[in-house]
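In what follows, structures are represented as structure tokens.
Each of the next two complexes has chain A plus one other chain: chain B in the first, chain C in the second.
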Partner chain A sequence: MPKCTINGKEVEVKEGTSIIEAMQQSGDRIAHYCWHPGLSVAGVCRLCMVEIEGNPRVQIACNTMVTEGMKINNTSEKVKDAVKWGLDFHLINHPLDCPICDQAGECGLQDQYMEYGKYDPEMAEHKQKKHKVVDLGPTVVLDSERCILCSRCVRFTEEVSKTNELGLFNRGDRTEIGTHDGMPLDNKYSLNTVDICPVGALTSKDFRFRQRVWYLKDAETVCNGCSTGCNVKVYYNKEGFFRVKPAYNEQVNGHWMCDEGRDIYKFVNKEHRLAKGMIRQGGTWKEVHGGAAAKAAAEVVKASAGDSLALVLTAQYTVEEFEAIVGTFVNEFKTKKVFFWINNKESFDSFDGLLLRGDKNPNTKGLLKVLEKHGITATWNDLSAGLANGSIKTVVVAGPENMAAFPDFAERVKELSKAQNIVWMQATKHEALTNLPGNVWLIPVKTFVEKDGTFINHAGLEQKFKKATTIVSEALTLTEAALLLAGKNLAIPASGNEFKPMNQRADQVELEARKKNEFVFRRGSL
Partner chain B sequence: MSVVQNNSEKSKWYLPGILGGLNVTMKHLVTNLLNRKKMMTLNYPEEKYEYSPRFKGNHVLTVKKDGSLRCTACMLCATNCPAECIKITAAEHNDPSVEKFPISYEIDILRCVFCGFCEEACPVDAIRLGPEWQTPAVNGGQFIYDINHLAYRPSLKGGIQTHVDDEERHKQGI
Partner chain C sequence: MAEIKVLTEHYHLPEYQTLAGYKAKGGYETLPKALKMQPQAIIDEVKASGLRGRGGAGFPTGMKWGFLPKNGEPRYLLCNADEGEPGTFKDRMMMERAPHQLIEGMIISAFAIGSHKGYIYVRGEYVYPIEVLNKAIKEAYDAGLLGKNIMGTGFDFDLDVYRGAGAYICGEETGMISSLEGLKGQPKLKPPFPAVQGYLRKPTIVNNVETLAAVTYIIKDGAQAYRKHGTEKSAGTKLFSVSGNVVKPGNYEVPLGYPLIDLINKECGGMKPGRKLKAIIPGGSSAPVLTAEEVGKANLDYESLAGLGTMLGSGAVIVMDDSQCMVDMLGVLTHFYAHESCGQCTPCREGTGWLNKILHSILEGRGRLQDIDLLIKVADNMKGKTICALSDAAALPVLSFVTKFRDEFEFYVREGRSKVKGTTYAEMHH
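Let's turn to the complex of A and B:
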């Protein structure tokens, strides 16, 4: 364990740590572009200069290992000067088209120029013209002029996705990033290159020009795309959700996430959501408040409590919700007919080696745990048999949020429609639901970004996440729906005491909404 | 509200004050009758006052030589706008040298406070505050100006161009 001194502070690091890692550990700021904690060291940007006592010249921190007793300094005039003019070289051929660049606002060049640059450019030559708006593949667009050739994306395709699509072509100031002939950037992790690009050279086709980043707020949550449970940041504003980016978690996903998971913001937005409760009794649909629909359904559920009542659950909800609704059914309605709706059974255990899993539910483990706790052993065949012979009259269903993960949705709806009464709790709209025969109660429920909760991922890791915002105000969580179905009233939820700061008075009024609306000006990081 | 009390001896006599006021009125009446050209009032709307060219009135979106909008939909005006009256929807242009352009640019003129911050924020001289200020409309919807009105309304005679030539600048490599 070598000890070193960074800017006068003594730091103890592991054997084989580079100076830049030691500085991250000690919390010192250092300029850098090409170094990324998840990738190998390239040492091409020459910005992470530090002065080491005993060395006549400044050195790069990313490729120098810490040795015992090393004295490192990156606040001296010599280092500042080196970084400043290093930046000037990066910006020689940079087009400065920030107004139309999607990265503006979370751009490494902007941040570092304001922090370490602020020079007057001394370059009299014309800028090198390169290719703009290059289509790299189905998800990514390249602007070579903005590229500063840090080679992060190239290293990503070499080391992480191992697909080797990208490369550096030509030499000197004509160097460009590009794809090899006939090999578009088309892999399941391609959008990570956009995340790690410190400038706006690589932009996502999906997000391109849709919002300026300073209009977006972010919230950390857990991806509900598959059972890996990657930690993600969702970006949203009052118009809805716009993109998903990975958040670092060493235990789960490291720095990355898959392209499939980046689509999870889509079904959350208003246009895909069930906004109102709907009731159909005897022919015509009636639109009611979400909670009213649940209350109306309570009578029917209560009437058929016992053996003619069944509950169907998808593994898309939180542990707390499963606990509440299964508990209600077992204890209040005295039925153990709780069924687990398993989607794409064949690919359930598949895994692509990096992050993507075949189980497209975030909380399969959590649901199984709750079912086991209540001693429920019913299988889907029991449900099919019960529906066929008419012993199950009322079915309560907690449908999926992510319809893309449920290709058999319409089929299952058809199967369940044999029941007389169907209480369907669902976040997303689907025409199969409005075509249901018989008596139907459609209850809008909240998606994973609208509630606090816990997901248990494939490895049994419990991950708590907090609510980001509300999209459909009438929607209920399963917990609330369970209370209403049992004929109780909704209690005002005790504000999560575990998240309260220690020095807060008991009668403190929380201004959550106001805090959220405040302008967040430091966004993104390198 | 504060009340200013004048407790001087003079103020106890109300007639001098009234006569003083009447004096001013009569002076203006007489001068206006004798010299009508120097009269302060205008016969609006037949006569209109000429404001200075720097007057901040209704917005104008400037155009390029070919008549298309200069605006690049960078949203700096919308970000800078204290009244939050600008709404822009950006889209990808077919021409890669243009790249980004607004498919819709709306200003809610009733919200606008005519501060001119949009003009100041614009990096490409695409929005200006023009001299127009009398803009009646018959319903609320007409006060939301779209691209058609902002750039191509009849009074602009096909659009306002700026003296900055993008093509030239691009060729020079700036």
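Let's turn to the complex of A and C:
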């Protein structure tokens, strides 16, 4: 365990740690573009300069290992000057189009210029012209003039996705990123290149020009796209969710996530959601408050309590919700007819070797755990039989959030429609539901970004996440729905934020308040 | 003192190109002797000879070989015949006139470092030398000098020619390794150094043509005989490629430490009639330029030239007389480096282009006086900041030209025309 001194502070690091890693550990700031903790060292941006005692020349921190007793400094005038010039070389040919650039507000060049630059530019020559709006593939667009050739994206396709679509072409200041002939950037992880691009060179076709980043807030949660359970950041404001990016978790997803997972924000937004409760008894649909729909359904559920009542669950809800609703059915309604709605059974165990899993539910393990705890052994065949012979009269269903993962949705709805009474809890709208015959109670429920809870991933790792925001205010969690169905009232949850510490300075209080403001954007590290 | 022909003794004989002609002059007589020696003894002999890399950096060859890990890993011997440094043309002559000299040197060197596979990386433009080398390698294979069980000693060594595609940067050893691996010719980050992890991530030694050819003579006559020529720290003889405004340009083999002015006046027959010496670039285009006054003090060895702030480099002596416009000359160099920068490291990629643009602004009459200082500032900040030395190579000529001939640059900016020639850039070149 070598000990070194960084800017006067003594730091102990693991053997084989580079200076830049040591500086990240010690919390010292260091300018860099090409270095990324999830990729190999390229050493090309030449920005992470440090001065090492006994060495007359400044060194790059990313390719220099810490040795015992090393004295490292990156605040000296010599280093500052080197970084300033490093930035200047990056900027001389970079277009000054920040106002129309999608990266503005989360751009590495802007950030580092404000921190290390702020000089008068001396470049009086014509800037280098390169290709603009290059269509790299189905997901990503390239602007070569903005590119600083850090080669992060190239290394990503070489080392992580192992698809090798990207390369550096031409030489000198004519160098450009590009795809090899006949190989568009088309892989299941392509959008990670946009995340790691420190500038506005690579932009996502899905997100670009839809929202300025300073109008977005972010919150960490767990992706509900498959059983891997990647940690993600969702970006949202009053208008809804706009994008999903990976959040680092060494145990689960490292620095990356798949492109499929980036679509999970879409069904969360208002236009796809069931906004109100709906009831149809006999004739026409009646729109009611979400809670009222659940209360209304309580009567019919109670009436069929016992053997003619069944509960169908998809593995798309949290452990806490499963616990509440299964508990209610087993204890209050005295039925063990709880069924696990399994989608795409054939591909359940498939895995692409990096992150994508065939089980497109975030919480299969969680559901199985709860079912086992309550000793439930019923299979789908029992349900089919019960529906066919009419012994099951009322079915309560917690439908899928992510419809894309349930290709057989309409088919299953048809099968379940044999029951006399259907209480359907669902986050997203679907034609098949409004076309249901018989007596139907549609209850809007919350999506994973609107509630606190736990998912258990494929490896049995319990991951807790917190609510980001509310999209549909009338939507219920399954826990709330279970209470209402059992004829109980909702308890007002105790707020954890009532206590305000008295020893905070005024500016700290103000900062807390500002953080809550819609327009203040807390940015992650580059 | 005059030329001392150690390597080039028989270069005038056309048959020296062939195996028979080479053998007739004592070729391949050192090889069996070397193959009977202990490999370490060869390395020690080369160390003792004081042989330094003839490609440009002048790194002691024996020491470089000593960096190889002492294990059974396969290792490679690469011959750098990319010869891209503007002004250099000695390797070309060596390969054309005496291919077997290089092959013999490579077999001995490979035996010393324990390598069984070698490549000669030749620049793509050298069509004829490649042809000659291929023919010579075939002859050597047929004679049992290459391949399995060389001369019955049990030592195996395979040798191939690899043709480059015309990039200056592939003359940098790690750039050359990248190119040889089939990748884009870009230098690799060091550490790890090639001796530890080079070609195909295996220990690799890269030596220049002249260096490898010299190994034979060191083994033949011993280190002490080799040290007879040259100076204490710069031992042996070296080929110098003289070009420019002299009467007899060409390759000359002189002992290191030889006075530069003698090389011009005696060997090359002096300046062209009626012209006066103005400046000399002593070690290829990357070396800082020397003024006529400095030339008088310069000896052709590593230390003397370093003392004058320049370097011996590849031994390409570019001579300029008083009819040359230094602004125009520098324009040629900055264009070259902007064209050849591999584009990997930011200071070099952007800096070489920037320098070239500033210089051409000046040449085309758009220059500003502050541009002269800006040239110095930009060049200063490109130095020592990148993976390989191309950035330095581009910066050093700019720094030396601008500081030593500043008056010409200032005149050009003020008047929009050359001080020496009196004409504008367009008039000079069309």
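Worth pointing out:
Throughout what follows, the second predicted complex is superposed on the first by the 501 of 526 C-alpha atoms of A that agree within 3 Å, B and C clash if a C-alpha of one lies under 4 Å from a C-alpha of the other, contacts with A are read in each partner's own complex, and residues count from 1 in each chain.
Going forward, contacts are C-beta pairs under 8 Å (C-beta built on N, C-alpha and C of every residue); 3 or more make two chains touch, one makes a residue touch a chain.
Quick caveat: nothing in here was measured; it's all calculated off a predicted structure.
After alignment on the shared chain A, the placement of chain B and chain C results in a side-by-side fit free of clashes. Across the overlaid complexes, the C-alpha centre of chain A sees chain B and chain C at an angle of 90°, to the nearest 10.
In the superposed pair of complexes, A:P99 makes contact with chain B only, with no contact to chain C. In the superposed model, A:V44 lies in contact with chain C only, and not with chain B. Measured by the number of chain A residues touched, the leading partner among chain B and chain C is C. Of the two partner chains placed around the shared chain by superposition, chain C is the only one that A:N63 touches, whereas chain B remains out of contact. When the two structures are aligned on the shared chain, A:R174 is found in touch with chain C, with no touch to chain B. Of the two partner chains placed by superposition, chain B and chain C are both touched by A:H126. In the superposed model, A:A82 lies in contact with chain C only, and not with chain B. In the superposition on chain A, A:W214 makes contact with chain B only, not with chain C. Our summary of the superposed model lists a minimum C-alpha distance of 13 Å between chain B and chain C.
According to the touch criterion, the shared surface of chain A, contacted by chain B in one complex and chain C in the other, consists of residues 126. Against chain B, the residues of chain A that register as touching in their complex are 98-100, 104, 126-127, 129, 132-133, 208-210, 212, 214-215.
Across the complex, chain C meets chain A through its residues 167, 169, 184, 189, 191, 338-347, 349-354, 357-358, 361, 368, 370-371, 374, 377, 381, 384-387.
Looking at the complex, you find that chain B touches chain A at residues 72-76, 79, 90-92, 96-97, 99-100, 123-124, 172-174. Contact residues of chain A toward chain C in the complex are 41-47, 49, 57-58, 63, 81-82, 85-86, 89-90, 92-93, 122-126, 128, 148-149, 151, 167-168, 170-175.
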